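Take a look at these structures.
Paired with subunit B in one complex and with subunit C in the other, subunit A is shared by the two complexes that follow.
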Partner chain A sequence: MITITPKRAFTVQIQATCINVDVFTGKTIQDIKNLPITEGKETITLNDAFNITENKTVETPNITLTGDFSKVKRIGQGMKTGEIVINGDVGMHTGEKLSGGKIIVNGNSGGWTGSEMKKGLIEVHGNSGDYTASPYRGTSTGMRGGLIIVYGNVGTDVGCYMQGGLIRINGSAGRYLGYHMLGGTIYVEKDCAIRVGACMTGGKIIINGTVELLMPTFTVDSIKPKVKIDATQTAQGPFYVFLGDIAERGTGKIFALKATNPTCSSYEKYL
Partner chain B sequence: MTKVIGSVVCTICGCLCDDLEVTVENNEIIKMKNGCAVCEAKMVHGYKSEERILKPHIRKNGKLVPVTIDEAIHEAAQILTDAKYPLLFGWTSSASETQHVGVELAEELGSALDNCCSVCHGPSVMATQEIGIPTATLGQIRHRADLIIYWACNPWSSHPRHVERYTAFTEGRFEKSEFKEYVQKLKAKASQKKVAAAIRRTQVRYQSPSRPKSALVEAPPQTLAKEGRKMVVFDVMKTMTAEVADYFVQVEPNRDYEIFGALRCLVNDQELDVDTVGGVPVDYLKEIADVMVNAEFGAIFFGLGLTQSIGRFRNVELAIALTRDLNRKTKFVVSPMRGHFNVTGANTVFAWQTGYPFALDFSQGYPQYNPGEFTAIDLLRRGDNDATLVISADPGAHFPKGALQNMLKYPLITINPDWNAISRLGDVVFPTQWCGIEQAGTAYRMDSVAITLKKVVEAPKGVPSDEEIVRRILEEVRVIKAKKTATDAADGNVSQEMVGSKKRRSKSIEKEMY
Partner chain C sequence: MTEILIKNGFVFDPINKIDCQKMDIAIKDGKIVKKVSESNAKIIDVSGLTVMAGGVDIHSHIAGSEVNLGRLIRPDDHVKDVVKKTALTRSGTGYSIPTTYVTGYRYSKMGYTTVMNPSMAAMKAKHAHEELNDIPLIDKASFTLLGDWWFALENIAKGDFKECARLVAWMIRSTRSYAIKIVNPGGLESWGFGRNVHSLDDEVPNFCLTPRDIIIGMAKVNTMLNMPHTIHLHTNNLGVPGNYKTTIDTMRALESVYQGDKPIGHITHIQFSSFAGDNWAHFKSGAEEIANYLNAHNHMTVDIGQITFADTTTMTADGPFEFALYELGGHNKWVNSDVETESSGGIIPFHFKRKNAVNAIQWSIGLELSLLIKDPWKWFMTTDHPNGGPFFHYPRVFAWLYSRKAREATLKNCNKKAQKKSLLPSIDREYTLYELAIVTRAGTAKALGLKNKGHLGIGADADVSIYNINPETTDIANTYKSVRKAFGNAVYTIKDGEIVVKDAEIVATPSGRTMWLDVQTKEPCRINDEMKRKFKEYWTIEFDNYPVTDHYIKVPEKISIKASV
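Coming up: the complex of A and B.
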């Protein structure tokens, strides 16, 4: 196991794509220390900014980061195997394009966490920023597979253009949850802000709390007693089922818990 | 000696009106024809302000002291080279030639580069990247459009000649001006008001005065079905533009997105499960959708009410999606109401130089783009940069307090013609010429048409153009970097130990402001 701790508090952004199990594998501790990162415009080595130690007796997690990493971006980008544990806050683009392995954040994570992810697991034990699991600007392919679990709240525009996989949010979600969603599942334990599922054409969003305001472009379909989150988990209802976004001729589904959404009762006359 | 110069371009808003007639006497503008009140305020009076900066200044012991231009250039270049991650912000009131050099400077420095559109119409650009944009030049709209929709903007105040030159009140080749009808309507309204006031005064003795009506949307008037030009305004409040319009739809704040969604469904002949959307009854929206579909050439102009309210670029995205849907049935275009006179130019120049229109980062040696990550306010709010250069902008008056406080922790260089809020806070302050008055150049109109700006009067002696200042800073940065490389090579010391910008601002300056 490699343990990394910051040597000092950082002012400007650090881009550290090399903090990645695939990159570290097969390298000596000295090689790892000499890996290049950028601090602002300057290229420095990993050793210039971080203390790096190796513990050969422990195998997993492969990398442990301890301290404030909120200014450090792109940790675990494109990782295929292995496990990274971050004890503290972490910056943007953590686990971007993850295609395997596991990243556990025992703190808050920045924007674009798990962006364009294909496989693997990301667990955030604090809050996750805006654009979690959403793709880069202008890209129409979001998260394709894997699992993201956020124990706190998430920001806005989470799960945009999502095509597969599961995002489980144990707190509340911001605006534009599942924007332009094509497939996959998003489960929100608490409340959800406005414009949930806007422009979605497929997939499902399950909301166990209150929906602030449903888009007028959704039409009520039915009331269901329960809904499957994945192969092993089921959410108990009853749920209003809304279809949409009809402006996009979509067939995405929003499941809103009946008990917490009394304002949706006006839709019952259409059933 | 008096001379009259014709076809001068106004450098206020994105309309770039190019029909001004300026009278110059003794190197001073004394009169102007054709310009709006805002234009006259700047081009006849404002540019001669007593607040003009005439010499470069450097902050020494907390006070700004006049210095030579060479000293200021060297100091600015030193600050930018020493910083690990500087930010270059502004550019939208400069000519495109200056913006071009600015990109070169940002690349040389490995800095962040952003322009004012990140706080105005940046979301419009982002929406265009997501979905594309069916648009037209203002000339096309002037000659052909029979339905003009102003959404969340008030051109009567912000772009005073937009309605007169390009839309409802202009005589197009295929569409007539509605100005006469507007005057008639105005006269009728004034008479109605007089009659109503007379009745109210006679009745006030006998009954309690009637209370004002609640802010309900009125039903679409019969006149919307008329031939010829029609103007519809969607806004959260009744503005001057709304007074002029054939129909005004008052929407609830932050509900434009829902209304766009509903209109899209109605244009596509789909039914909605709700009765009102954003405070507007669906029946009214149906009529509006019919008017849109029946138009021969419709144009939607949107303003900051969409780009800076909840949803930002998503609002614009849906406005464009509505236009796309309408184009299946008729001809419709959509266009942003750009603010600063060359903000479109900043986007255009940055995009043809780097591939991206704003929110740029050169720290990796190549351009990266991500609004939210590299936009000025986001960078400053997180405190991610350690030196700032502000050119032709005034974040001192417009940025949030937190962002400004972080900006002032580190050295600040300003290039502005007058002592605005940010110039007063600078560590290195450059004077510069007024672009389009004392300096010629190129600017892009809101519909991306390039227009040449004229030089009308001579600048005060010793005041350089901003292009010259940026170019000289760039040259000085190259000299400093070459010297540093030579010294490192001579010492055999190539370690990348961070030098950083150690020069923190004294707390007294921050206190001065807050």
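Coming up: the complex of A and C.
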């Protein structure tokens, strides 16, 4: 296990793509210390910014980061195997394009966490930022598989262009949840802000709390007693089932819990 | 300026009929000269390497409003191809719509030294020139879109070709451009009213004329003005199954204007205009019919617009075509616009895939045309960058041309239905380096009327590209991968007598020139109160602010020609 701690408080953003199990594998501690990162516009080595120690007796997690990493970006980007544990806050693009392995954040994570991810697991025990699991600007391929669990709240535009996998949010979600979603599942334990599922054409969004306002381009389909989150988990309803986004000729589904959404009762007359 | 002597290379210079001769090339003051003294000159020994004139690209969208809009809507395109700065070169991004500097660097690395920017809306000319100024290392010129310009249409409808020619000359001067570009004649004007034209004889709304009249009229105007290049034509019905008939009709229509000396028209990205079949399900190649026609006639030249199977960005002034592509391509993000009284435009990202039957047949059509047209002086190699694929994929296209093995390797991975329909397995032809030099520099320079480009004769511009290919010992068809690599990484590129690329690295970044035509008519066009009134009424730019003035062009090269009107 490699342990990394910051040497100082950072004032500008650090790009640390090299903090990645795939990169560290097969390297000596000295090699790891000399890996290049950028701090603002300067290129420095990992050792210039962090204390790095190795504990050969412990196997997993492969990398442990302890301290404030909120200005450190792109940790675990494109990682295929292994496990990273971050004890503290972490910056943007954590686990971007993840295609395997595990990243656990015992703190808050920044924007674009798990962006364009394909496989693997990201667990955030605090809040996660805007654009969690959403693709880079302009890209129309979002999260394709894997699992993201956020124990806190998430920001806006979460799960845009999502095609597969599961995002489980134990807190509340911001605006534009599941924007342009094509497949996969988003589960929100608490409330959800406006424009949920805008432009969605597939997939499902399950909301166990209150929907602030449903888009007019969704039509009520039925009331279901329960809904499957994945192969093992089921959410107990009853749920209103809405189909949309009709403006995009979509067949995505929004499940809104009946008990917490009394405003949706006006839709019942169309059933 | 330094003198350079390139010694012992195998020279391919089709214009001067030099085919793989071991000879020296002497350069002085940016020109090819007979000889230089060995004691003063910098000597480059290129034993065992191939020497050609700098590449001349006849059709590549490298600058202008459509290119820049393309950049705006495609951050996803840039993020996958980020170019870092070096001590000499600037940073940028690439892929299908590279930034200006990266465009220059990448062309230069392939040994290209002259590039034509084929589609410049007159209103946006200032912008295009500002971008061209920032593209280093290559000479460039733009073609103005004139096929749907109101003043031209009005005069063609009246039959007053002389006045039309004077107006076109004024426009070519005012926009600092090099040739007449016609895109979907009549179609763009119709698109302003939500319509399109579907044959050469459909009527253009409000003008009482047909696409046929526009094409023939403009070809006559082009001849009257003694333009170095022919009309540069993007046909009607582009991208529609069965459109090869329209393309042949277009070429037939131009037979009437042909005077028997030099070609009268150039059809660009003809691959997109060679579709047969009634609909997309029965889509097939019309390459054989087009190639047969071209083999029997001498009044046309074409460029291909080869597909290279890339995630690219399509952009054209053909607004109605881009709308059709939007409907077809699964409602991707897009831009569509009407450029006031002159043109229209559209941009859509498009991924050409091997496994898609239509895309794979399109790929096959491009190569069928290239291989079935017997005379390489009649067709030129392009990908219609970025429509068929980005320009830095040219080496791939070369490989498909000179190696049957390379074609088979790609065809094997294509859609099964497309494989069955392809004519490629029946074609044995493999291009030689001499023929390749024709379709990439000599032929294009000749078609463009660039007398000092595309060859290495005495007096030519000292634009030279040197590749690591030994024609004596290499079997290019069998070792196509290494040859392909050599074409993408020039050992030397020399621009105006200055070494700009050495071992595929940029070593100098001089600005290229912007060529433009000063067409001198015997009498000026009638710029009267009526014309100014129309400008006030229909254009958003004042007449006085419309022309591109000299200070917009960093390194201008004015070419004066005398018109016969």
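By our rule, the second predicted complex is superposed on the first by the 271 of 271 C-alpha atoms of A that agree within 3 Å, B and C clash if a C-alpha of one lies under 4 Å from a C-alpha of the other, contacts with A are read in each partner's own complex, and residues count from 1 in each chain.
By definition in this document, a residue touches a chain if its C-beta (ideal position, glycine included) is under 8 Å from a C-beta of that chain, and two chains touch if they have at least 3 such contacts.
All of these numbers come straight from a predicted model, not from anything done at the bench.
Asks: Determine, under the contact definition given at the top, whether A:T260 touches first (subunit B), second (subunit C), both, or neither.
Replies: Once the two structures are laid over each other on A, A:T260 reaches no partner at all.
Asks: Given the touch rule stated above, what does A:A198 touch, subunit B (first), subunit C (second), both, or neither?
Replies: first
Asks: A:T45 in the overlay: touching subunit B, subunit C, both, or neither? Say first, second, both or neither.
Replies: first
Asks: Looking only at subunit A, is it subunit B or subunit C that touches more of its residues?
Replies: B
Asks: Quick check for you: in the superposed arrangement, does A:V12 touch first (subunit B), second (subunit C), both or neither?
Replies: In the superposed model, A:V12 contacts subunit B only, not subunit C.
Asks: For A:T217, decide between first (touching subunit B), second (touching subunit C), both and neither.
Replies: The first partner, subunit B, only.
Asks: On the A-aligned overlay, A:N106 touches which partner chain: subunit B = first, subunit C = second, or both, or neither?
Replies: So A:N106 meets neither subunit B nor subunit C here.
Asks: First (subunit B), second (subunit C), both or neither: which does A:R137 touch?
Replies: In the superposition, A:R137 touches subunit B and subunit C alike.
Asks: Show which residues of subunit A both subunit B and subunit C reach, each in its own complex.
Replies: Looking at subunit A, the two contact sets intersect at 136-138.
Asks: Any idea which subunit A residues touch subunit B in the complex?
Replies: 11-13, 15, 38-45, 48, 71, 92, 111, 130-131, 136-138, 175-176, 179, 194-195, 198-199, 213, 215-220, 245-247, 266-267, 270
Asks: Can you tell me which positions in subunit C touch subunit A when the two form their complex?
Replies: Those in contact with subunit A are residues 73-77, 79, 332-333.
Asks: Touching residues of subunit A toward subunit C in the complex: what are they?
Replies: Where subunit A meets subunit C, its residues are 135-140.
Asks: Which of the residues in subunit B come into contact with subunit A in the complex?
Replies: 83-85, 109-111, 126, 129-130, 257-258, 261-262, 264-265, 268, 270-274, 277, 310-311, 314, 318, 321, 325, 362-364, 369-373, 382-386, 496-498, 500
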